[in-house]
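Each of the two complexes below includes chain A, the first together with chain B, the second together with chain C.
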Partner chain A sequence: MADGERVDIRDKVTGRAIYTEDLPEPPGTLFAAAIRSPYSHANVGAIDSSRAEAVPGVVAVLHRDKLAEFDVQIDEIDKDALHMNLAATDNPFITRFKARYDGDLLGMVVARDIRIARAAAQMVDIDFEILPPLFDAADALAPGAPILHEEHGSNLAMTESIHWGDVDSAFASAAHVFEGTFTSPTIFHHPMEPAMSGLVHFHHDVLEAWGPTNNPFSLVEPASLLLGLDEEQVRVHVPYVGGNFGAKHMTGELVVVSAMSKKLGRPIKYVATEEESFRVTARHAMTYRGRVALDADARILAMDVDLLVDTGAYFTGAAIATQNAVSSGWGGYRMPSFRMMARTAYTNKVPAGMFRNTGKNQVTFALDSLMDSIAHQLDLNPIEFRLQNMLQHGEQASVTGWTRNGKDVKIDYPPLDTDYSKLIDIACREIRWDRQPAARNEGRFAVGHGIGVSLRRGASFGDANARARLNADGSVTIEHNAPDVGEGAHTMISVVAAGTLGIPERQVHVAEPDTNYNLHFSGTSSQRTTIQMGNAVRLACEALQAEIFKVAASSLGGNAADWQIHDGRACRGDQLVELGVIAENAGGMIEAVGSYERSNRVDHAFGSRDHFAPGVAAVEVEVDCETGDVRVLKYAACADAGTVLNYSAAKGQIEGGAIMGFGAALFEEVSYGEGQLLNADAFQYRLPHLSDIPEGFSVNFIENHDGPGPFGSKGIAQTSIPCAAPAIANAIFDAVGARLTSTPFTPQKVLEAMGELKEKP
Partner chain B sequence: MTELIENLDTVQETDVTLNVNGQTWQGSIPVEETLLDCLRRRVALTGTKRGCESEVCGACTVLVDGVPISSCSYLAFEADGKQVLTVEGLATGEELHPLQAAFARNGAAQCGYCTPGQLMAAYALLQAHADPTYEQMGHFLDGNVCRCGCYPSIATAIREAAAALRTTR
Partner chain C sequence: MLRPFKVIHPGTAPDAVGELVRLGDQAKVYAGGAELILLMRHGILQADCLVDVKRIPELHGIQAHNGTIHIGAGVTHREIENDPLVRERLPALADAEGHIGNVRVRAQGTLGGNLCFADPHADPPTALLAYGADVQVWGRTGERAIPIDKFLVGTYETALEPEDIVTRIDVPVLPDGWRASFQRIERFQRPTVNTAVAARVQDGHIAGVRLVAGCVGPRATRLTELENRIQGQALADVSRTLAQSDAYLTEMLDPVDDLLGSASYKIHVTRVLLQRALGEACGIPNGAHA
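Presenting the complex of A and B:
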């Protein structure tokens, strides 16, 4: 490994990286295929799998009527703890009596060959009573709409609100009031490695599973409860993971094949197709209606926001997405008074879950477009307007008098720990923008500039545990359960371990996640890994170092305090000792565990936050005024990293987030119609390609070494994605004077906003 | 569907001889087997990845007689007697190909799942254009999606590898 290289990069450029589907199959492995609802909304009547079972090569079929046959603990199915897909409270591992989206899981077939399994899954005869589907949150909340979950009595999944100050008085006394409505559609994650696949093997009284996930523990509890096992009897490994973005969680499919493996005593491999991967999860669609009150000097007095969230068929990510949306509703702006009310509805769409920067991308697009629009309407420089109204370094957002859902709450947000003016200066300089609006363009192609700014409240709650072990060969192994889903988590662990211990990175081995280590982690998500796992690794290595010095002192002389580690070896004065010798002196190895926890304080507004994660983007776009086509000519992203731990991985996070934001801004939208999901395949779902990305693309960091992570680092993974859509929308306005209020900015919408299309074609 | 099931056990097989990364592989395969499945399951080279299985995402790109193809949509028997180059064939022992070295140096892979395909498309690009423009990169790599969004780093890596290869030619 060369200096600064990611620890996984050699495997990844040589084809040696083993992903779940690449794992060699144990002897006797069977292959699984899913039985799914082809309808978006239907009652499930009689299920007859006899034709499928008669197919030569089919070994077993599991569905609603065969749960007892496979010893599934039926009583456990409706208990909250079991619900798959994260925080779901109404999403059992298979649906039994009602299908609520196109792709809803009804059971699995296993056979000796994948083709036989897939063909037989089509031969399960099911009486469906088709119900009218709902694909829009407003329709779902309208009186008389069909109800997805009868037990709730309506399609309203939840509400969430935050309020401080005196919003109504502020609006009454305001010199200016502006408002805008912005919509963001459902989009898909599209990890390159299809989501959901896995290999399970029940043997020696243990269910062993391998799967692509950001959290191996997410299978342990549901599988143990449904299969009647102790948690220690479920062991999950995570090989290389081909992308996550919120889509790689353990799913019902793996629970079903786990039950089948236990009953049959055979290993089972489930390989999801890409069209199935499109049906794992999605990003929430949102409609944001915001009003802003300002005084005569263009200072914001108050904001009042109404938000409608579409969570799809099940609760899944509803709470996190809605709370995140509400808690990011004011971005980095100074708000003397603020009110935001969100309603979240069920629809017959693929259940929406976590999506990189969950809930906040949609809100940031709306908020920062609205702020830009206000500046233009007041004839103010949009950057000066922002800087006048944004929190400054050290300033605290309003922290008194908050109510959340009508109840008083405590606020534990730290003061702003970043400097927007610096981030904006760097981004503008990169695209050579002097912050003045473009001269009015003439001719077919118009060029404009825009910025987007975001503020994410730092790492979420969670806990992390890591074990550092000095081996007899002098190397150090770090055991942990933070899957590297592509962001560089294992590189971060390597950098932190080496830096804490004072050894070169080549002496550190980062192990593959394995629940048998008995080291819990809340998952590689929510921008928590660098802070929480990073600190757990740092603490483990500090404890290991103390142990090493103790053993050195007792076996080699001196006091523990006399010993140091320098360049991979222990030293005391002139005495230099290989670390392996010290491990040998301790009986072959020395190990220590580090633990770090940020608890979810329920009496506080939106949990516990330890720092801020701001993002800024500056873009130059060209609009073809005849076709409405938008091309991004220059893009500059800037983040406050605290300390960059590995440049290559950090740059990749900012670059990749921005490009994912590009896709959402310009191309991506899930289409539903005619009762169906229409574009769940790579042909019809448009993703960003290299040729969409400008050659002039830059990433910059500011580093003040002031973050809560190891060596002053902060979380950065989700800082660039929210800035793309508002920056591009604001640049389009600068170019052609048309305000885009709905992503993606298709040529048709651009021409409509320009007034070029009077009627929809 | 019933006919398909009946036919599952009576698959027509054919003998093929492939040259994969300079080594000969001979065997009998079902006529409808894709080169992707043949490489992954029979030749036991799993570096080539399964993605969309519809010739759109590029994760399965390999070269057949020097031409980049989507191995998910290319029947293995069509490669009979031809030279197949996969990601495993780029390095010489432990010495990385300049493209691999440049990808590693620039962090041009994150999750790495599309990387074998990106490398093979980039290899074909550099065979055709020793000093490619950004537009030429876009043309050759447009069939290779990277959802992690490594495109700027991939472009930088290709430029560096092209420069390294030009000096060694």
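Presenting the complex of A and C:
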């Protein structure tokens, strides 16, 4: 639709963009440093902070034994509402008696200088009783494993199951049965700007906070409860955010410094280091074991899946990740009968939370690798095998009955609104799938092609509110609470406002999120922003337009229906009026609010999902058969965007997702050993480099203008990331005949899968 | 986060040694800081004082003397990588230097600094062992030369005394008929494994060879026993000898499992890179493979 400039791009490329760490410090600002557990599992005994407090420049220390001193409402600590990151979690804002992961927050030191604060944080003496750590979900569920949460009784955090059709009969009558087990490790989002930083200032009876988050409201409730404030006394601003991917939540660190700011009456700035950022959140490790029954014509009859999820030290994102994993366990495949059982375990790792396409990337890697493997084992073309077994446009899934956790669930599975054959066709054409690559199987290099397909069910539930205001200078300001986390939310708002009102984008000003607007939003996440905030902005602008026409009619003549807006000006026949004049006629401004909601229907199988968001990737890789090194030579991603609202932002989303997917596929793993997190910095945690990205990288969109978002748009943010790992694994198989079953595909694993490595040298 | 420190700029190597003697433990030698500043920023190493040897004029310059290339310890990796003399006479060293870190690191870090830091995952020591370089050192008792094989001791450990500074690296040009090759693979900026080979072929046989493996053990290592095995072999037989060298490589390099891979992976890749380097040094187009 629009091919304009992103609203944030000039600030960012010229270095003018102000991120939280860049905010000017108010006079008297103090600096905070965290006190953390160096152990992955330990009982916390006596805490003595006297040495730290004696350091010149240290102003205060807060930890378990000083909560009352800082007027923290201790009785509220164990209440659900306080739980950080998400509503349902057992993660207290600080841990008091037990450290459950390397990095668990025990308190904070504030000082007049960041160096002093960090040095003093190392001088808090704590008696730790070290306990054996668990770094693997299967170990955690084994009999006799140490229990992380005694009150919970076991390390089994939750289970989730779904079942329809007659799986057992299908397997009994199947012509073919195939099986595969696929694992994905814990990985970290690694946003460029560290997670959980912030500036807080309690003044004039209000706690004012600035921080990088995808949801400013996530601090309001916990801070107000713990500090004994009304929610109106907590005001959150969100400056530019340097990457989110699910890692940018308001965290315990900010609640602690808020309490300290309230007691001390001073502004406090907390900036996490990269090593601390690694200890905020992570992607869930998963092991997916799938069995597939097929008839003699290679049509899928049933699947039976067992899933093991590692949520880390606290529940945090367990429910959403597990439910998402289970409800995407069969992807876009036609599945007459299906059964999936997930178990989610606590381990002594960083608590896993939301991660771009939460819970579904790991499952898509497994499912689409398994399907590719079946096609090869049946000697079928992997693309034809998929097309035969995937749902077609308009097809209603043949779901005949469904239970979730033993209870019947209403089926709310819309017919497929996309066309996989087109997406696959475009992606394959882009990499010239039909051509034998020149270097194929010559010398030490082998070249192969692979595809990956994914299906995401639209946006999550939530609500969005926006205010559109016509100013006296003729500009329109959009107030809202959708942080732009780098993906282009504010560009989307600008495009929708301008397009709805009929004014040029330069006349639109998208405001910075501020909870004082009193405009709730569920957060820039879960692919909801374009649909929900986009529609809220559209509705606000439609309402504003109606108001403008009313004022125009009453002050300038005619009926409201006679008025239109063209190219930024109001017109009635030959009469052209600057919009600022109409604002002046209304007393200086006109404003209107738009609201949009998708409620969470928990009793329905698909909650509130309003559209499908498919992804397809086709890839050409080169494998060095001697060293096991894998290079991506060509990559084509294809998404059904409904309508592209801003081409460069949409392209950036697809590219960014795919490259993040390269990282998970080829490089990334958070490693634990000797009781600690081993690689919490970019020197030891391998991220994708520019040199890993192929020149032949193409992004393609299908636009049928049939989505539920403004102008027929759909969500696309999370469509490219899940396809990368299966596409690359499938291409490696095509190249060297070796099936990679665990990410990342390190050279060592490639050599092992090829049978090239001896067990003992 | 860096803590404040003082920087001292001595004008000569003896002055630098004098400062190190005077300041003792509180001083560290600064020769580009590519490694040092990282450690200081992470609080792993602390110094009140840095003695900057990078600006000492006698530590600069690259010159040829009687078949040896003298490289000042304060010369940056970037200067070495691009130096016409090094590229022509010591191509495997130029290749190794061109792989270090990234261009910003190479523009800042120096050869002397790299050698003194003695990170096992470094490129120059592997190449310098194949060339048989000497390290020139200025210390309390004046100047002395240490062969590179003696200079490298272990992980972050060299033969230097605390007050010694490296002034120059003398690299002999290979005799006529010899060729050298440097090979490396990496997952991070530092090499996972590297190898360097110098060899001379006569009448289809190995007439002389030096094999070096880096990164797997605590320091880069000359593989003399394997050299002896392939010395005199026909080129056609060399690949078989190398293919059977895993047990010897394991014994020599003492590999461990770590974030870069398993011990067996490292040995496998070391062998592959030795085959590639030997193949290039011997002029075999597809490497010395079976």
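The rule we apply is simple: the second predicted complex is superposed on the first by the 744 of 761 C-alpha atoms of A that agree within 3 Å, B and C clash if a C-alpha of one lies under 4 Å from a C-alpha of the other, contacts with A are read in each partner's own complex, and residues count from 1 in each chain.
Keep this in mind: a contact is a pair of C-beta atoms (placed from the backbone, for glycine too) under 8 Å apart; a residue touches a chain by one contact, two chains touch by 3 or more.
Here the structure is a predicted model, which is why all the values come from computation and not from measurement.
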Practice item. Considering only touches as defined above, state whether A:L576 meets chain B (first), chain C (second), both or neither. Key: neither
Practice item. Look at A:F683 in the shared chain and tell me whether it touches chain B only, chain C only, both, or neither; answer first, second, both or neither. Key: both
Check your understanding: First (chain B), second (chain C), both or neither: which does A:Y19 touch?
Key -> first
Exercise for review: Report for A:R115: first if it touches chain B alone, second if chain C alone, otherwise both or neither.
Suggested key: both
Point to revise | Partner chain(s) touched by A:A142 [first = chain B, second = chain C, both, neither] | key: neither
Review point. Of the partners chain B and chain C, which touch A:M589 in the superposed model: first, second, both, neither?
Key: neither
Practice item. Name the contact category of A:F697: first (chain B only), second (chain C only), both, or neither. Key: first
**Study point:** Touched chain A residues, chain B compared with chain C
**Key:** B
Review point. Can A:E756 be said to touch chain B (first), chain C (second), both, or neither?
Key: second
Review point. Counting only touches as set out at the top, which of chain B and chain C does A:S671 meet: first, second, both, neither?
Key: second
Exercise for review: For chain A, give the residues common to its interface with chain B and its interface with chain C.
Suggested key: 115, 683
Study note, to complete from the structure: The answer for chain C against chain A in the complex is residues 1, 3, 185, 187-189, 246-247, 249-250, 255, 259, 261-265, 267-269, 272, 286-287
Exercise for review: Sort out for me which residues of chain A touch chain C in the complex.
Suggested key: 114-115, 118, 443-444, 626-629, 667, 671, 678-679, 683-684, 686, 746-748, 751, 756-761
Exercise for review: Write out the stretch or stretches of chain A touching chain B in their complex.
Suggested key: 2, 5-6, 8-19, 21-22, 55-57, 113, 115-116, 119-120, 122-123, 189-194, 240-245, 271, 273-274, 485-488, 647-649, 651-652, 655-660, 662, 681-683, 687-691, 693, 695, 697, 699
**Study point:** In the complex, chain B residues that touch chain A
**Key:** 1, 4-5, 8-9, 40, 45-54, 56-57, 59, 86-88, 90-91, 96, 100, 103-107, 109-116, 119, 134-135, 137-139, 141-142, 144-155
